Structures are given as structure tokens and as C-alpha cells.
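Down below are the structures I want you to see.
Both of the next two complexes hold chain A, though its partner changes from chain B to chain C.
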Partner chain A sequence: MGTNELLLLVTIPVGIGLINIILPNILKKILTFGGLAYLLSLTIQLYSKANLSLSYKMIFALDQLSWLTVAFIQLLGLIILIYSLKSMDEVNERSYFVLFPLTLAFCNGAVLSANSIVLMIFWGLSGISLYLFGVMGRSESASQSARKTFLIVGGSDVFLILGFVLLRFINTNSGWALWNSEVSFNANFSYLAFFSILIAAFAKAGGFPLHTWVPDFSKDAPVEGVAFLPASLDKLLGIYLLARMVMSLFILHIYLQMMLLTLGALTVIFAVMMALLQHNGKKLLGYHAVSQVGYMIMGVGLGGMLAANGQVAAGGIIAFIGGLFHLLNNTIYKTSLFLIMGSVEKKAGTCDLDKLGGLGTKMPITFMFAMISALAISGIPPFNGFYSKWLIYQGIINVLKDLSVGFQIWGLLCLILAIFGSALTLASFMKFLHAIFLGKRQAIHNNITEAPTFQLIANGILAIICVIFGIVAIRIPIMKLINPVLNIKPEWSIAAPTLFGTYFPELFSFLVILPFILGLIVFLILIKKKRVRMDTNYIGGQEPVEKFRISGTGFYNEIRDMAPLKFFYMWADKKFFDIYDILRGISLFFAKLFKALHTGQLQFYCLWILIGMMVLLKIVK
Partner chain B sequence: MIGKQILYLLVFPGLLFTCVLGLLIGWLDRKVSASFQFRVGPPIFQNFNDIFKLLGKEVILIKDTNITVFALAPIAAFSVMVFLSMSIGLVLFYGLGFGGDIIVMMYLFMFFSVAIIIGGSASGNVLSSLGAGREIKLLLADELAFILICLIPIIKSGYLLGLNEIVIAQSDGAFIGSISGFIGFLVGLLCIQAKMTLPPFHIPEAETELAEGPLMEYSGPLLALWKICQHMMWVIFPFFLIILFFGGFNLVGIGILWAILKYVLIIVLMIIIKNTNPRIQIDTALKFFWRYASPLALIGIILAVLGV
Partner chain C sequence: MILPYFIIIPLLAAFLITLFSREKDYWSITVSTIASATMLVLSIVCFITLKGETFIYNLSGWKIPFTICLVRDSLSCFMIVIIQLISFTSLLFSVNYIRHISSSWKYYSLFMFLVAGMNGVVSTGDIFNLFVFMEIALFAAYALVSYGGKAFEFEAAFKYAVIGSISSTLILVGIGITYSATSSLTLAHIAQVLPQKPDILVWVGVLFLVGFGIKAAIMPFHAWLPDAHSSAPAPISSMLSGVLIKALGIYVLIRLFFNVFGAPPVFMNIFMVLGAASIIIASFLAIGQWDMKRLLAYSSISQIGFILLALGISTKLAILGAVFHIFNHAIFKSLLFYNAGSIEMAIGTRDLREMGNLKSVLPVTYSTSLIGTLSVSGLPPFNGFFSKLIIIVACVQAGYITYATIAIIGSLLTLAYFLKVQRYAFHGDKLFDVSEKSIGGGMKFAMLFLALLCVVTGVLLIPALRQSMLDPIVDTIFNKTEYIKLVLGSL
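And now, the complex of A and B:
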């Protein structure tokens, strides 16, 4: 191999980004599209070489896990690019086409890096581009949301650095390398290192309690940026780091794994409870972007769980596969949902769910894609979201079999929260579909037309992947994409999977489509014989006036008003659970304290200097 | 192989068997309910007549609404119901479990609500939208308790997921014989009452205030499909409970009588609950399931883990 392909994955997008600064509009789009298409084909060619050691191994290296992540970064990048070819105004477009390839390069760099220093650099850079996408938003609170995002994500980078530095000193043999570190938890500071890196992964992916930037960012940033970073690339990066931690950096023990399971379940349930009551479509999707991470954390965190006989438990491996599969699925349908919301917003001029409704007749194709993605995220068979959730559940159930009674109850509680979270997700998306596409349309929206072709193509590709990944789940995504990842740890791939439950998506689809076609034929025969009459709505003889419209946003008011949940929602409104606001309160308190010391009089400053000197002398001795 | 599966799907234990049995049970329901109210009740084939009559009626569609979604929703619900009836019937009558395990069933049961919400609210009728909102809230109310009671047999069988494996695990004593199993059955009975939107949980349809809610604008063959689905549920849900807690059917000799008794017991209990309770409000239903039924089922789970 002459040139190093891995280097190309970083340098080409950087080059495109820099050239785009001076290129005219149309050339910019052609160049970016061509470059991304080339990168995708390059990544596909790398599939069989995923375990080759390439030159530059000090900086970049590739194994199956990073191949999977990089492949999805290119794929989603290309799809989102197709969408944004004709979706933005000129001012945003100018900066977007510079930022977009650069972000792609940073993310590729972070995933491909062979040692932690390179990882930290690219990780930080991708955080900055997240901020820059945030400030492209037009709403009043956009800059505030972007700042909040930057503080949480950027602040977590400090922990990332701390974690890797500690790791370097705990395990001196492996140096800064990201492979085969495998720290077990008997060394000093190993817990601190673990939690520091975990904080970085959680902040990036949006895990509880560091998730609070995702909904705000989703509400205010332009939808292309939201679909690009928090919905897909940040999820890929965050869960990639978590998977790397579980597989290579640490050897987890059962309490840590149960803790990850609990954090995952809490992420699912907290976020989805908040999503139920949102009135802004993008914010609702933002909360779901958080809640889906919970499933991934649950699944990936259980990887490498030991069975009673000291071997790697097969249940843990299945959950791990399910977690990674859920990551891929989530990036697909969540990107699709954000892009659909964007299409609707651009046509209707708002994403306030109270003001939409009944657009299904005007945007039928978009509605169909929205329905597929909504059913996929709610885990309705045979779509892809169901298969990955199902894998995670059966992994958990199988792991619990070998544990003691206390762990069993603990694990079951997490499992119940996760399954119920999925019912709540369904409920939330019924509200979403109802409020946008179903029900009665307002007169002001009568002139809306279908979304532009480029947007339909992007959404169509995503919807098709949702269906394909659901129906041939085992043959393509599991066997071809995710199972090779287990080869990184030989003992994991030995324990890997014989499925415990029963679900054959292909057979299921066949046996459901058959009666569907049968019913359709019978129906068509019947209505051909009989006349079909068109009529207006009948509401007990009354005129269907505007004030009787039900938008669907009020569906869950009863839940908000229920006694224990009432307080939870009240506190959430006051931002008691928002780590950003908590930390901001603390730092403001200290700021106030220090402000009182600034009296403006020289003698006081001399006094402070003297006290400082004394403290220093005391410490140094 | 495929031919055999299609036979399972369309004749026995799938479509034909479940429809006929469901419509007959519907008659039983109407007859018993009539005797509660000192009426005579309909003749045995009344439900068949009703369905055939509906199939022959004209279809009324709503102008300027999403007609495709409106028409396809009942057909989709129907096809999932047919699949469910096949896979649950196969476990009971043949001991075959290839239809799907408990988790698959749990998720598929939700599909009927999805179809009814999307189809109903596609009509653009305000009363249908109100009914759809109640339908999804009712789903949320009973789903938590339903998940909990589905886990009880999983735990008691030693963490097995397949429906046929759970039946086999009960070969030396059905789960209902234990305290946790009994709690599970009791809560499960209430859950399926709510999942079938039978009184006292007929909140989404609420004839007197919402005029059938989501089904309001449906007519002719499409309404007939919804009605068939509802009748098929009279078979699917009790059979599901029989698998989870009564140890399935043993169809030899006296076992046939036991099988019929198990089924009739659940049906009679459901009809009694249906006829002795008035419709409750949706927030009462939420409170009932979240504050009382679910904690009770959770106690059942803890008892099951402890082996009681």
C-alpha cells in the first residue's frame, strides 16, 4: 500500500473544508458530495483490511470497531449532505459547507486514532464544531444553548484528559496506546480514571445526568446540524468510546456493570418522561435522542459480564451486540426524524406542535417516512429498532439467570424501566405523528406542498435502511457488521451468540404481509362492487370549527397532573435536574464571594496577597 | 414447509379458527350480559350476520383526509392479529414456538393500539382524536402492569423466553398454584380487560360521549375488519394468559375438558367484570394501574425471584 488510506479519511475532508471557503456555491456542493462519496467507497474497501496494521500506526490505526464507526460516519454524512444540498438559506450555507467536512474529519480522526493523545485532540475539535453548529441557529436562545453545549461537552474534555493521563501512569507498559490496556480495578486511581473517561463518553453521547445540552441544542440549532452531530455522529463517538472502554481499556466488574445498567435505565426513563410533554417538535426529538442512548449504555455496559463458571457470559455478549446494533439503528431513524422535522419546519414555518396538524394529506411521502421511523424508534416489529431492543432485553434476562437474588431484582427493575420506556416512546411518537400529520389541518396550512426532492431522497434512503436492517437483521447488520467487532477480544467471540429467544424477522414479515395482501384484495373487491361515498366529518351535527381542533399536545396532561409525577415535572421545570444549572448556581455563588473581596482599596489587596503567601508557605513548608 | 405455515396461518389455529371461536364467544358475551340485564339476548349466529352485513355495506370516506392511511390501518391491524392468533394457537395446540417469544408478543400487542390511533385520527374527526388520545393513555396505563406480569412466568421458569418453553416449565404444576403466579394472573386479567377496551375500561370508545371514538368515521367493510379484530382478541388474550399461568393445554382424554374449563373460566371472569362495573375516567384508570395494579405485580415479581 503506497499512501495510507486512514490518513486520507482525515486529510480529504479537511482539504475540502478549506477549499470550500473560496469556492462559489454550486462548485462547493459538487466538491463536497464527490469527496464524501469517495470517502464512503474508500471505507467500504477497507472492510476486509480492518485488522491490518497500517503504517503510521503510532497515529492512526483501524480495527473492526473503529471501521464500523467510521463507516457509519461516512454513510450518515453523505445522506445528511444530500438533504442539505437544497435546504438552507445562503448565509448559513456558506459556513455550513466549510464546517461540515471539517467536522467529518475531526470525527474520523477521533475514531481512527491509535493513541489517546490524538484521540483527545480530535475529540476536543469535534466539540468546538458542535458549538459552531449551535451558533448558526437563528432563534433568540440559540447562542445560550450553544454556550451550554460547549460548557458541558468541553468541560467533560477536561475529565477525558485527566482519565487518560491517569491511565498512562496506572499502566506504564502500554503507554498512550488505546489498545490492550485492560486495567483492572485494583490499582490506585483506577476508579477515578474510569469515571473520568465515562463522563466524557456520557457527555458526548448524552447519557444521564450529562444529557441536558441535547434537547436545548436540538431546539435551537439548524436541523441539519442537529441531525449531523447530536443525533448521529456524537452518538457514534460517545458509544464508540464506551465500547472501547468496556472492550480494551478496562476490565469491568459486576458492580460497575450493574451501575452502567442502572444509568442506562435512568437515561431511558427520565428523558422519555420529559419528551412526553414537549410542545416543540425538535425538543421532543432531542429528548428521545437522549433516551435511546440509555438502551445503548445498557447493552454495551453488559459486555464481558462473567457467568457463574468464570467464563464470559453469552448473555452479556448478546446485550453488547444489541447495544451496538441499537447505536447503528438509532443514528438512522433519529437522523431521519430530525430531517423530517426540518422538512416540515421549512414548509410550515414552525415546529411548534400546537400550530401544526393534518399535514399528512399535503406531505404524504414525508408522512410515510415519518411513520416508518416513528415505528422503528418505538420498537414495533419488524422494523430495526425492535430487533436491537429485543437483543438487549434477552441479553439482560440471560445474564440475570446466574446472579444472586439481590442482583436479580436490581436487574429486573432496570429491565422493566427499559421496556416501559419503549411503551412511553411509542406514546410520545403517537403524539408527534398526530400533532404534525394527523387530525384536522388548520386553514393557514392549506397551501403547503411536498418537501423538495433532495430531502425526500435522503429521508427515503434512511427509511429503506430502517426496513432492511429490521427484516434481514441477522444476515447483514449482525453477521457482517457487528459480529466481526467481537474478534477484537477472542474470548468474547468464542462465547458469542446462540440466540435464546425466538424471533425470525423474515418469517414474521412474510406471515404478516400475507394476510395484509389478502385483506387488501378482499377490501378492493368489496368496494368495487359497492359504491364509495365521499362525505365530510360528522360531529354530532355541529360545524367542524377551528376551536374544536385537537392537536394532540395535550394527550398526556393527566400524567403530568398525577400526584408523585407532578412534583417531578415541577422540579424539572425549575431545572433542579439540570447539571448545567446546578453547576452554574455553584459557580455564581463563588463569583459573588470573590466579588465581595474586590473592594478597590490597596490595603485590602495587600492583605489578600499576604494571606495567599502564608497559605503557600504552609503548603510548601 | 411454507404451505403448512400458510395453513396454520389461515385455517387452524390462525384466521378461520380464531374468527369463528371469537364470534361465538362474542355471542356468549352478549347472551350472558343480556341475562345480567334481564333480557333474552341474540341468537347464536347473530355476530356472523352482523359482520357479513357490514361487509356488504357501502364505504363512506372523508373528503380531504389521508384516505390511504385511513383504509390501510384496519387491514394492518387485522394482519397482525392473524399472526398473533397463529403463533399463540401453535404453542397451545402443537407446542410449536416459532411465532415469537414473550417479548415479541408484548410488542405486537401494542400494534393494535397504534393502528387504531393512526387510522382513527387520520379521519380528522375531533371525537376520533379525543378517543385516540385516550387509547394511548390507556395503553400506557395497562402496559406497565402488563410488562410486570409477563416477567413473572419468565422468572419462574428459570429465565426462559419462549412461550412453548414456559408451557413445558409448567408440566409439574401451573404457575397459578404459587402466590406470585396468582398475583400475576389476577393483574393480567385486569390488563387484558383494558387491552381489549372492555368495560370498565371502554374509555376510548365511550359510546355515550365519543360515539365509538377512533372508530367513529369507519363504515362498511373497514368497520367489519375492526370488529373482527376485536372478536379475535376474545381468543388471543385468554389463550395468552393460559400459556403464561395455566400451563397451556394437554389435549388428551380428560385434558380436553380441562382445557375448555380453563378457557371458559377466564371468559366468564371477564364477562362478570365487564357487566358489574361502570366506565371509569381515564385518570382513574391511570391511577388504578400505576398506583395499585403495578405495585402489586411488582410484589409478585419479587416473590417470584424469591421462589414463592
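And now, the complex of A and C:
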């Protein structure tokens, strides 16, 4: 009864959300947890059925790509729920436990849709959820950020409508059915359809230039909502749609794929450059949430690229697998980082990096999880983020081999930007870790204790996944989860390489971990023999008082004044890169213009009527 | 013989209210509510029992073209349902709302005249009677716009009356020319004769397009609307924006240009251009507003643009979109005006800059306003999504990609200005010492009821329901001069 199982993935969370309206808080939590645990187990059971297109084809269907996405929606939903069991403030808790399962249902519905109208409905509903999470924020700018978010994300929904309507008429055979259109770009308006749907995918995932809502939303919305949507579920949805576009909706040509590569690289570098200078921890993570999307766009966008012989290039497939793997990895470590930031914020009362510091000794477990996630996002082996980036780089290089010199230079520039972006990510997270957990602690934070158990459990699970996905990267996530996705398109499956370079993650992990273990053994032996000198810190021979505290936020301030970059930051400060502000400016210009024509004088309005009538007469006659 | 009741009942109610009302408003509320509820039930019966047929009521012993006749077809019944639905909820909303202005019976009496006029316009099959009923509705509307008695309300009513008179004059001249050319005032009969006189058709077409275009507030004939709709009491604003501009404007344009003139391509192209201009320009104007009701008024112009654009495309699908959007717009725009009225009553301002954080003190207003916002912005799964989707699909299907893009941009702009309302009115950190208790049960019921309709009326597109409810209306419009046969043949 596959039919019912797919339906359950939507109806159960909707039911939970509706029941939660009337339940007391404790029952709400139990019901939601039970429901989500069941949904996760249900999804796991569906793994073997993902080869089949399950019925309700008019409404829902399941294939390997949608299974993968749905599975991660359930997994991350459950983990974030565990965190939220003991984290929400009383005012928001009531609506949170209604909105949370509903959002999960909407995201499940969007991914399982077999029909573009159904997809549009669930896609739109997930955007509304995002807005409602946004307005839960307590800060002064929360409503403005929620508005901006919804304008970009909700606004992109109308482009999604246009795109799918165009597709419906470009490929009349498939009707409103979703996944078999394979539109080439010879047809009229196929570019308009492509870019319309791309806008929706980019806006949801946070791709350049539609990314600007993510940092603002991250700063102002409750951290549970940020971890739930922009950090994880929206990424899954956005990149899922992009993957669908590349695999099934369109037959991309090289220029479009190079454009995606470029947009991906720009997303990486723009966002990470902004992240470097942030003073607000959540906003910094928001910029990184955007930056990481760039890698996914680069990888997924190259999927199915043709080699010189007209066959699907293995490099494109490697990049595609890397892109999807990076999607999974990013949802894990980015969710983890947001939740950790949330734990710190709830304890310290702020996420202003200037005011934090030295919390490592007070929150050691949280610090350890933060370090794992920070290293993972920075692409440090053996953590999961390394191998997904590695695959994307390999894929790009492999693809470029067969291209002309012009494309090679173009592609290499993008690759350099991406690698440079990864280095800057590491730099940014060194600042992040230092500013929160290292350095001198402010006296007001001396009474801070470790995060509550539920939060530690959630963060612990995510950190463990970061490690496991790094150590057994090929064996489990790639071979078991991502490789089956290629079966959707047999020619991709054939082109998929059996070996992924010369990286052996298990061996490499062992080699990385071994020196640490040896070091630890030496350290413990020396401690036992009391050969380690313990001393207090001092600066310039004096006790390190609070005024000598270095927060870490100023680590990279100099780049703001560096010759080519200062213009970038100056323009960024003036919101030249913010599409929301650009469009807002244009709208207000026209609003003023048209308003000036509305003088409120009756004779003027009568003149309009007269002129209007004369023009009409002229046209009709 | 159900149709005449939609004119008799409100006229009788207005008469009884005027005759027996005392200082208190209980009698007028009771009479008008009973009349309105009765008409709502009758209208639903009228619509459901029609089954796609056309009936004629001759009000005297004379026959067409000499008689005054009422025509009951799918389109007129559809409009009657909308009028009764919104007037009923507006009356419920009015009970508490109007008391904060005055407790006079005059409001209810005028309200009944307004309803009688609109019902007459959509029921009649005679163009001169249409004009007369239109004037009845307009006189009531002029008075109701100025009901608050403040200077700006009188100014708005004056502007409305002046521009309304210009449009009525143009319409009257059009009727005169039509009569001189066809020797008939019956629409079906005119439809038979007029196409043989293309020169006359051009003149009459332009006069009617401008005349009724002013009533429908199509760009560039819209200038009266923002003042009038923002100055009127909220339930009247909802009547004006929700139904009056449709009954007196859009409905008559459909009846004349489709059923009488046979949808001449040149006028259909003009519909599309004016519709597109209305969508975009009114949306930009709405973005720049701080007066909540004025913003809603500009939004009405923009939404009328969607309807007109769809009518101009004039394919079956586009007409379905237009018809459905007429219905949906009546619901969500009335709801949004109720929200504005509720806020105005609670905190005494319509200026968005003076509002804030009303989410916490006016939860019903907030939640219903959010639903209204999502509906008008065309977001799924609310009713506005489906009608706009159909309009966009129809544009693409007919090959008008530019118009589809304009509709898309219009939707985006709609979302932009309604999120402005949400942000400034309902969020933020201002504190108001008010509660929703100050708002009456009738007001809350009206808001909740229309919000519920915003959520559920999308089901009308389920094929079985669409075929029985919407398709007959679409057929009435799409089959154009089939109206002649139906009316003249059903004698």
C-alpha cells in the first residue's frame, strides 16, 4: 500500500499540527515527537520502494531523489524537534508546535508532488510557514526581515507558477505531470520557463542574487525556525528543485551549465566575504548558509554535462553527486551550528560576538560539537564537508578537461573562487569559535552552564553524523543514498564512475585521528607523572583583565580597507547587491511618479477621462 | 418569479425602516438583517435551481421589445449571490461598527437602497432600467460615502458624485444613441440589431466603455475610487470595492460587450491593455500608500485589472479565471476592508505608521487579515491563487506571454504592499491598550466567515463543482450573443 504511505507523510504531520492547536504543551511535544519518529521509520521503510513510482501519480509519487530529500526532511525535523523540546520561550511555544509539523507536511508534500499544481501549492505553503516562523522573532527588525524573506521567497512562487505554466504548454504531452518534460531550449519561451523555475529554486535555497533574505532572517527569527527552514528544509527543497530541473525538466546546454557554475561560485565568494566581517553570530551563520549553497549549485548544475564525444561526462556526474552530498552535509552541520548558536544565545542572552567569548570551559560539550561542525563546514578532512567539496572540485576539473580553452579559463576561475571561498570559510569559523568559546570570558557570563540535555542530544547526533558521513563517505552516503538517485536517468547511471578518485576516507580518517590519539596518550602519561606545568594566563606580565579581552570579531577588519575589496564592502553597505533593496527602490520610484499624477484635483481627473475617451475613440475608429 | 424579490425585498425593507424607525437602531438592524438573510438564502436557491437555463420575467403585459424585463441567467444569478453574500456580512459588520459613528436608521435604509440598486442592475434585461437602478445604487453610495460627516468624507463623496455624474451622462448618451439606432432598450433586442450598424457600435462601445469603465474604476478612469473607498465607513468600503464596482462596472461591461456586442476584438484588445495598465500602475500606487484603506482601494483597481485582462483574452479558460476572480475578490477585499475597519475602530487610525503590534491585541483581525493578504496575493492554497493561476494559464495558452508576465509582476507587487500592511499594522513593538472585546461579535463573525471562504472556495474548481457552478456562467459569457436566442427564445 505505497499509496497510503506517501499520503501519510503529509496527512500525519498535518493532523498533528491541527491537534496541537488544542493540546496542552506537554502532550503536544509527546505527540509531535511520536509522530515524527514514526514518519522517520516510515521513510526508512520506503527506501526499498524508492525504485518504484508509487501510485497516486496524479498527486504524489516517489523516486530515489524524492526519497533522499524526504528522508533528510524527517531526520532533520526529528533532530530539531528534540532540540526544541526544551528550548522555546513560552510565548512562541504554542504556535511553534502547531507550525512545526505543518511545515514538515508542506515540505514533504512539495517533494512528493507528482503534479506541478500540487507542487506549487505545497511550495507556497512552505513559504508561508517560513514567514510565520520569521514573525515569531522578538527583535525590532524581525518583522522587517520576515517581510523581506516572504517577498523574496513568496514572490519567487509566482515565477514558479509562470515557469510551470509555460512548461505545461511547451511540452503538451506531459500535461501537468512533473518529471518527464525534458524540455530542450529550441522551444519558444523555454528560457523564460527555465529562469522562472530557477528563480524559485534559488530563492528557496538562497542562491545569489536571491540570497539576501537568509542572513537577515537568520539574525532575527527564533533559532529553531532558522535551523528548521533556511538551514535545512529550504536548502533541501531548493536544491531538490534544481536537481529536478537538471535531471528531468530541462536538457541543459553548456552555456546554461557554465552560468550555473558561475552563479554558484559567486554565491560562495560573495557570501563568505560578507560572513568574515559579521559581528552577529546568527547573521554570520546565515551568510555561510548562503555560501554553502554555492557549492551545491556548482555541483548539481554541472550534472549531465556532455563530454566531447556527446556522451554524458563522468565529471558532470561526479560534480552532481558532490553537489547532492554537499546538500546533505550542509543541512547537518549548518543545522548543528545554528542550534549551537541558539544554545549559546539562550545561555548568554546574546549572539553578538563582541559580547561573547571564553564559553568553552563553561559549555565544553557544546564547544566540542561546534568545533566538529565548524571543521566540517570548512572542508577539513576527515569530516563530511571535505569530501563533498572534493568531489565537486574533481567534477569541475574533470568536466573542464574536454572543453575549449575559453570554457576552461572560465571554469577554472569559478573553481579558484570556490576553493578560496572554502579557505575563507575556515578563517571565518576560526573567528566564530574564538569569539564564542575561546579568549577571556566576560564576568557576566561566569555563571553560564552547559546547554540542556535535549539540546546536547540534538547537537550530539548532528556532530556524530558529521563524523560518520566523513569517515564512511563513500560506503554509506554516496553508494547507498546518492548513487541510487542516478537510476532516475539511466545514461547518468552508466556514466557514473565506480571509483571516486584516490581518496580513501576510512584510511585517511585513521591517519588523521591517530596522531591525536597518540598525543592524548602522551599528554595523559605526562599528566600522571606531573611533568606538565599548569600556570595562570598573563598578558605583558599582568593578570589578563577584561579590558585586554580580544573578542575575535576584529580578526579580519583589515580586508574592509584593502584596495579592491573596499569597493565591494562599500557597495554592499549601500545595499547594491541586495535585490530586495534594488527592487524596493524601483518600486518606490514608480510609486512616487504615479502619486505625483494623482493631485486630488477634480478637474485634472476629468481631463484624464476626456483624454482617455479620445484615445479610445481614435483606436476604435 | 424569484428574481423580482431581490428588488422588492430591499426596497420594502428601506421603506419599513424609514417608516417605523425610532431613536434606537434595533428596528432598522432587525429589518435589514432579516431582509438581507432572506435574500442570501433566496439567491443561493436562485443560483442552484437555475441549472444553466435562462428565464425572463416581463413586468407587464407587454412583450419584448416593449416590456421591462428581468433576465435570470447564470451570470445574473452569480452576481446576485455575490451581492447578497457581501451585503449580509457587511450588515453584520455594520451593527457595531456604525454605532461608533451614529445609531441612525438612515444608514440601514441607504444600505437597502444600495442593495436594491445593485440587484436591479444585474437582474434587468433592459438598458434604461439598468441605468435607473444604477443611479439608485449610486445615490445611496454617494450618501453612504459621506456618512461619517467629516470634511474629507464630504469631499470624497462630492468627487465621487461629480465623476459618477460624468460617467452616467456618457452612459445616458450611449443609451440615447443606441435607442435611436435600434428603437429598443431591451438588451437582447439591441444585440440583434446593433451589429448591423458598425459605426454606431463604435461610438456606443466607447461611450459605454468609458462610462462603465469609470464605475469599474479601470485605469485611467479610476481617480474617484481611492477617495471614495477610503473615506466611506468600512462596511460600505467593502460593499463598494467588493461588489459595487463589479455589479455596476464589470458585470455591465461583460453583459454589453460580450452578450450584446459579441466581444468585438478591438474592444477585447483594449480590455487587455487597460487591464494590464490597471494591474501595474495601481499596484505601484498602493505600495506608496500609508492610509490602509486607500491602499486597499488601489488594490481593488489592480485586481479589477486582472479581471479585465482575463476578459480581454476572452478564451473559455480566461473567462473562467475572470468569473472566479470576481467572486474571490469580492470575498477577500471585503474581508480586508473589515480588517481595516476593525483596526480603525480599535485604535482610531487608518495610518499604518501609527499602528503596530496589533497581532497581540487583535488576534482575530490579525489572523483573518493574514488569510486575506495571502489570498489577494495569490498564494496557495487560498482562493486568489486559483483564480490568478487560471488567468496566467489562460494568458500563456492564448500566447500572451507578456500579459502573463505582467500578471506575475502584479501578483508580486500585491504581495509587497500587503506585507507592508502586515508589517506596520500587526508586528513591531508598539503597545496599545485595546482588546478585541471592543469589537462586536458581528464584526468578528463577518471576518471569520469571509476568511473561511478564502480558504475553502478553491474547491469550486473541483471538476464536478466547477461544471455545475462556474461553467454555466462561463458559457453564458463565452457564447456571447447566444444570449439573444436564450432571451428572445424563452419568451
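One rule holds in what follows: the second predicted complex is superposed on the first by the 593 of 621 C-alpha atoms of A that agree within 3 Å, B and C clash if a C-alpha of one lies under 4 Å from a C-alpha of the other, contacts with A are read in each partner's own complex, and residues count from 1 in each chain.
Keep this in mind: contacts are C-beta pairs under 8 Å (C-beta built on N, C-alpha and C of every residue); 3 or more make two chains touch, one makes a residue touch a chain.
Values in this document were obtained by computation on a predicted structure and should not be read as measured data.
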Partner chain in contact with A:F454 - chain B first, chain C second, else both or neither: neither
Chain B versus chain C as contact partner of A:G519, first or second or both or neither: first
Chain B or chain C, by number of chain A residues touched: B
Partner chain in contact with A:Q408 - chain B first, chain C second, else both or neither: first
Partner chain in contact with A:F195 - chain B first, chain C second, else both or neither: neither
Partner chain(s) touched by A:M430 [first = chain B, second = chain C, both, neither]: first
Touched partner set for A:S143, first chain B, second chain C, both or neither: second
Contact set on chain A toward chain B in their complex: 358, 360-361, 364, 367, 371, 375, 378-381, 386, 390, 393-394, 397-398, 400-401, 405, 408-409, 412, 415-416, 419-420, 422-424, 426-427, 430-431, 433-434, 437-441, 500-504, 507-508, 511-516, 518-520, 522-523, 526-527, 530-540, 544, 548-550, 552, 554-556, 558-559, 561-562
Sites on chain C touched by chain A in the complex: 159, 162-163, 166-167, 170, 202-203, 205-206, 209-210, 213-214, 220-221, 223-224, 226-227, 266-267, 270, 281, 284-285, 287-288, 359, 374, 377-381, 385, 388-389, 392-393, 396-397, 401, 404-405, 408, 411-413, 415-416, 419-420, 422-423, 427-429
Of all residues in chain B, those that touch chain A in their complex: 5-6, 9-10, 15, 55-66, 68-69, 71-72, 75-76, 78-80, 82-83, 86, 97-101, 103-104, 106-108, 110-111, 114, 117-118, 121-127, 129-130, 132-133, 136-137, 139-140, 143-144, 147-148, 151, 154-155, 158-159, 161-162, 211, 216-217, 220-222, 225, 282-283, 286-287, 290, 301-302, 305-306
Footprint of chain C on chain A - complex, ascending: 117, 120-125, 127-128, 135, 140, 142-144, 146-147, 150-151, 154-155, 157-159, 161-162, 165-166, 168-169, 189, 192, 587-588, 590-595, 598, 600, 602, 604-606, 608-609, 611-613, 616-617, 619-621
